[in-house]
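Quick one: the structure is below, questions incoming.
Order of writing sets the chain letters: A, B, C and D. Residues in each chain are counted from 1.
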Amino acid sequence: MLTVEDLTVAFGPTTAVRGVTLHAAPGTVTGILGANGAGKSTTLLGIHGRVPRSSGRIVLDGQDVTGHDTRALVRAGLALCPENRRLFPGLTIEDNLLVGAHGQGRKVRRQRLRGIYDRFGWVHARRAEPAGRLSGGQQQTVAIARALMSDPRLVLLDEPSSGLSPVAVDEVGEALRDIARAGTAVLLVEQNVRLVRQLCSTAWVIAHGEITAHGTVAELFAAGAVSDAYLGKATVPPDSGS
Amino acid sequence: MSQVLVNGLFLGCLFAVVAVGLTLVYGVMEVPNFAHAGVIVLAAYATWAAGDAGAPFALAALAGIACGAVVSVLTEVLAYRWVVDKPAASPAVALGLLLILQNTALRGYGGAGRSLDTPYDTVLFRIGPVTLPGVKVALVLLAVLSLAALHLLLSRTSLGRAMRAVAQDREAAAMLGVPIRRQYTLAFLIAGLLGGVAAIAYAPTFQVSPYMADDVLLSAFVVVVLGGLGSVRGAVTGALVLGVAESLGSAYVSSAYQSAFGFLLLVLVLVRWPSGLRSTDARRVA
Amino acid sequence: MRSRTAAALLAAGSIALSTTACGPGSGPGGDDTKVKVGAILSMSGVYSTLGPAEKNAMTMGVEELNRTGFTVAGRKHTLEIGYADDKSDPATTGVVALRDMTQSQKLPVIAYGLGSATYVPQLRRKPVPMINILDSSYPSVLAQDPHLYLTRGGSDTYVPGCLSYTKQKLGTKSIAVITAKGEPYGEGLTQLVQKSAQAEGVKVVATSDYPLGSTDYGNAINTAVAAKPDAVYLSSVTGVILPVLKQLRQSGWTGPVLHSSGVNPDQARAILGNQFNTLMKDNYDCAGTLPTTSAHPATAAFAKAYQERWHEYPQDLTMWAYDYPFIVAAAMTEAGSTTDPVKIDRALGAISIPKGTVSGWLPNPGDLLFTDHGARTTSEVTTWCPATQTIASAMTFDHRDGAIVDQVFAKDACG
Amino acid sequence: MPASSTARHAAALGPVAAVSVLAHVLLIGFQGEAGQLTLLAVSWTIALTGLNFVQGIAGYPSLAQASFFGGGAYLSAILLDHGLPAALAAALAVGGTMLAGLVVGLVFSRTRGQYFAIGTMFFTAVTTLVFTNAADWTGGPDGRPVGLGFPLDTTLLLLAGSLGLGLAAFHLLAGTRFGARLRAVREDEDLAQHLGVPTARVKLVAIVVSAGFGAWAGVLFAQYNGVVAPSQFTFVQSFLMFVAIGIGGAGRLFAPLVGSVLVLGLTQLVNFGPGVSQIVLGAVFIAVTLVAPHGVLGVLGALWDRIRTKAVTA
């Protein structure tokens, strides 16, 4: 269970995210929805300590991890799968995965690697190839697998479907559903409405750096909160959904 | 001719050891580490001083390598670390450090050259028309051994993997929880160790002096650009190519302009590929 | 915009402040009887094997001269030398020192070691006699300016001894020459070696060079050794040729090595390291006579005194440096002036060998010290003695009208 | 011309003229070591005014300036020895060096950032090799004497005059479209290129201009010094020039003057013994880079602004 309270991220004079409060439950995929530049990615990066926070409390499974740097957050079980996948193109697939378990003992690394290979058979077959040679969908799968190598309790995912073919998007969606079913919490930033509808049980809507709505995906779509957010009209009050 | 090629090989090995240290640091931190010459100089003086104080050569050599490592790490901790977000400032800091290190040597030991004695000074191998002085055979051995060790470190260990990851995408590695600062320090540590090896490998053929590494450093930078900033494999290849090119040019054109042949090669490459043989986007420490 | 003005004034002010901080010296001083002259020496840098020894010797010379003082125009005077370090770079540091000495301090005579050509334009602006205590380069530095004097014979007076000696004593029929390119002394030596090899009927089978300041002499050494000569000649000064000697021996050359660098045992040990005795084997040096090997009693006494005082081996240049104060005193006495460079310049050409000097100069026609601005001493060939780890005289000689004369061989140089 | 623009030019050019006159007074007044320092400060300021276009305004770390400085010095010395009149020798030396600058520009203006620094550094390394080894022309490692083409008085006048005219030219050029384009290169080169700024050509012109300033400074330096040697134009000198611009405050009108005085003052004046002044210089430069990335003038400017704001609000 991840709880974020009153997260504010400011770059110099401009505040990108203001007072964001949200939570994500284990075994589910929780969405963050909003227009381009609304502050979705910044929220993820803020949770993960990659951008300076001016306020906010982050609690993971009852443990306050607010002051932790990225490395400690990863150890505490918070993994980030960044936008554009960001694989290491010159490293082999297996090396990419192993970097995801950096700092773990040899035995643990091997064991997690086996877990990944059991789940994604083709990854095992191509493990010695440079990651740069994979197709976009395959890269996204490896990027997710790499995040899983830290054995996280929560995975933060930033736009996993961008630039992928519809078939590849379905594959990625399948993988994410599996992960959630295994008990891991997933917090997903996504523009692809179809994918959000397929995967997410609940979602938070962000506009202009603030949470404007929360509820089940079905409710949000019915209330028009999503389309308003995507069109940049944040008319729904923040507490209307919950 | 064969002797010229062998000389080129010696030179290439020396360039490789220096250039790999430079390219590793560049790959991980994007710093053109001009101060590496100063690291080599101080390592050579440490070896000389230990030998002068009566230490056996092997011990003195270890002291030199250790000194190279310590000085190199200090440059990172005290200076480079603070400009990592300002790449434009790093050449300036690098050159400032070079001034400090070289002149520390000048201050401590004076400008006169000193001789570094080794147990293999007078050993000589002969293969047909080619003579192989012991000091140069030792240079090749040291180069091959240290580069092989580095290769193993980079390809087989978790630390090496992390370092390659940082060199490819610093931000992504950071997001995965790789401690970036430790990688910076590690890169400088390895570069310093290699600088120490370079110092004990080639100081015995010449002299220990504050400016002993200037020419070698310039050539090593040619190598780094030829091989692609950040590419270890490219650096080794580039070093051998440059060593042979400089040796041929020096033997058949003019010895005075030896390092200019490297420059010529560099200009040709930069005219054709303005950002080096491999663009920095695809740079890799492998 | 006001900040810009402030910045400009600040910069200008700091120039003014900094320049006055180290402004002109106080000149020749208030004490009338004390005369100050200058010496620009290589105290640091590549040629720092030379400067400190020169300064040591000059210190001794000044002390000895001042024990009695010298008389100019009926008044007793003592001498003081103002030293400057040219950092082995006369064109950059030496010229500034010369400007400072002649324009600000108005010193009437300057001694120096290296860089004659670089001082010429400044001498045109502000003429002053300059006495060289070292530079025997060929062609002679004296051709460069009429205000220069040289206290020793040129390279052409001693290089032929190398070829003559090795041919007679070692049976050398062929020779290879390795030159430090761009180093004037070394390049002059190479020309002279080729000349005298031709005169002696010795074949020069290979010439190779390496750039000054390079670290790997492999190619130059290979070229020389591949020609299979009977001996190898290394052209340049001590600090430059000893690293080459080391690599030459490391490359497997065991035959005789000749040079004209005036290397002494202390330098060999310092530059070559612990192996110096092995590396120096079969080594022959043809140069001016050394204080230690000289047969001249005054020179030998100086050598002893120098060694006792400074605990180092006296190089050849120490005797000329020691004599500099005596030459200045004699010239000032002759000129009747301690301040007028023109009169002192003229007087230098008229003085005979001054009393108290130790160089053992060969008398010139008319009993003058300088003929055509040059003085001469005997030349010799020394050899390395591994048993005693030092050098010994193997042959002394003089050179007249292109021929070697007065050859005297040591019976058994190393004893 | 609007009044504010006239005032702006007057506020800059007034101090320039004052500095020029002061330089002349100091050049005449000082001899020996003080004279040398003044000579170096003045000739460096002229050379660095050129560098201030490339490194200062356009933000390109050039390490070639010492070789342009040396090019002017050596070429004029060689041409004077061939009996050319002084003015012609000087003009040809500057022209020849600018041609060399054109070649450097053509090769390296396509490279970016650190490749540019490494490339220009090599150029200087090679010119030093030539100065050292082409002994028939350059006199070799110990340098060569320079025929005195101008009387000393004329040389001093030219030095002081060029200082002022050079700074004035910089001030005026920085305000033109050329200056604006150089600034655009510094801000965001890709964007500038996208918006139609011919960045490669602009950089090329800046490098050639900087070569011209450097060469003219070299001619005058050689005339005063009477001798030129490779050690005066090495890669270390290039680096010190680069440092001087940074310390002064890259792109600012008086950066060359302030930087030269500080760097030369540290290397020439502060005599802690061999090496120490260089160590101090290295440390000072690192400190300035870390603490005051806009140089001494940047700090002074910020201080001045703060004082003025306080005065206004008080």
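Criterion: contacts are C-beta pairs under 8 Å (C-beta built on N, C-alpha and C of every residue); 3 or more make two chains touch, one makes a residue touch a chain.
Source: prediction; values computed, not measured.
Undergrad: Mind listing the chains that sit against subunit A and also against subunit D?
TA: B
Undergrad: Tell me, please, which two chains come out on top when C-beta pairs in contact are counted per chain pair.
TA: Counting C-beta pairs in contact per chain pair, the top pair is C-D.
Undergrad: Considering only mean CA positions as chain centres, point out the chain farthest from subunit C.
TA: It is A.
Undergrad: Which chain is most central here if centres come from C-alpha coordinates alone?
TA: That would be B.
Undergrad: Just give me the whole-number Å value for how far the CA centre of subunit B lies from that of subunit D.
TA: Here subunit B and subunit D have centroids separated by 32 Å.
Undergrad: Need the CA-centroid distance for the pair subunit B / subunit C, whole Å please.
TA: Here the centre of subunit C sits 38 Å away from the centre of subunit B.
Undergrad: Between subunit A and subunit C, what's the gap in Å when you average each chain's C-alpha atoms?
TA: Taking the mean C-alpha position of each chain, the two centres sit 78 Å apart.
Undergrad: Taking each chain's centre as its mean C-alpha position, how far apart are subunit A and subunit B in Å?
TA: Each chain's C-alpha centroid was found; their separation is 42 Å.
Undergrad: Can you list every residue of subunit A that touches 2 or more other chains, as numbers and ranges?
TA: none
Undergrad: Name the residues of subunit C that each touch 2 or more other chains.
TA: Only 44, 181-182, 211, 213 qualify.
Undergrad: Enumerate the residues of subunit B that touch no fewer than two other chains.
TA: If we look for residues of subunit B contacting two or more partner chains, we find 110-111, 256-257.
Undergrad: Among line, ring, star, complete and other, which best matches the way these chains touch?
TA: other
Undergrad: Strictly by the criterion at the top, what is the full list of touching chain pairs?
TA: Once each pair is checked, the touching ones are A-B, B-C, B-D, C-D.
Undergrad: Which of the residues in subunit B end up touching subunit C in this complex?
TA: Checking each residue of subunit B against subunit C gives 3-4, 7, 10-11, 110-117, 121-122, 124, 126, 131, 133-135, 202, 205-207, 211-212, 215-216, 247, 250-251, 255-258.
Undergrad: Please give the residue numbers of subunit B that touch subunit D in the complex, ascending.
TA: 30, 32, 79, 82-83, 86-93, 95-100, 102-107, 110-111, 210, 218, 221-222, 225, 229, 254, 256-257, 259-260, 263, 266-267, 270-271, 274-276
Undergrad: Name, in rising order, each residue of subunit C that touches subunit D in their complex.
TA: Against subunit D, the touching part of subunit C is residues 1-12, 14-16, 18-25, 44, 89-92, 95-96, 99-101, 103-105, 114-115, 117-122, 124-125, 181-184, 187, 211-213.
Undergrad: Under the definition above, what is the set of subunit B residues touching subunit A in their complex?
TA: That would be residues 158, 161-162, 164-165, 168-169, 171-179, 282, 284, 286 of subunit B.
Undergrad: List the residues on subunit D that touch subunit C in their complex, please.
TA: Counting only subunit D, the residues touching subunit C are 7-8, 11-12, 14-16, 18-19, 22-23, 26, 30-38, 41, 129, 132-133, 135, 139-148, 152, 225-229, 231-232, 252-254, 257-258, 261-262, 265, 269, 274, 297, 300-301, 304-305.
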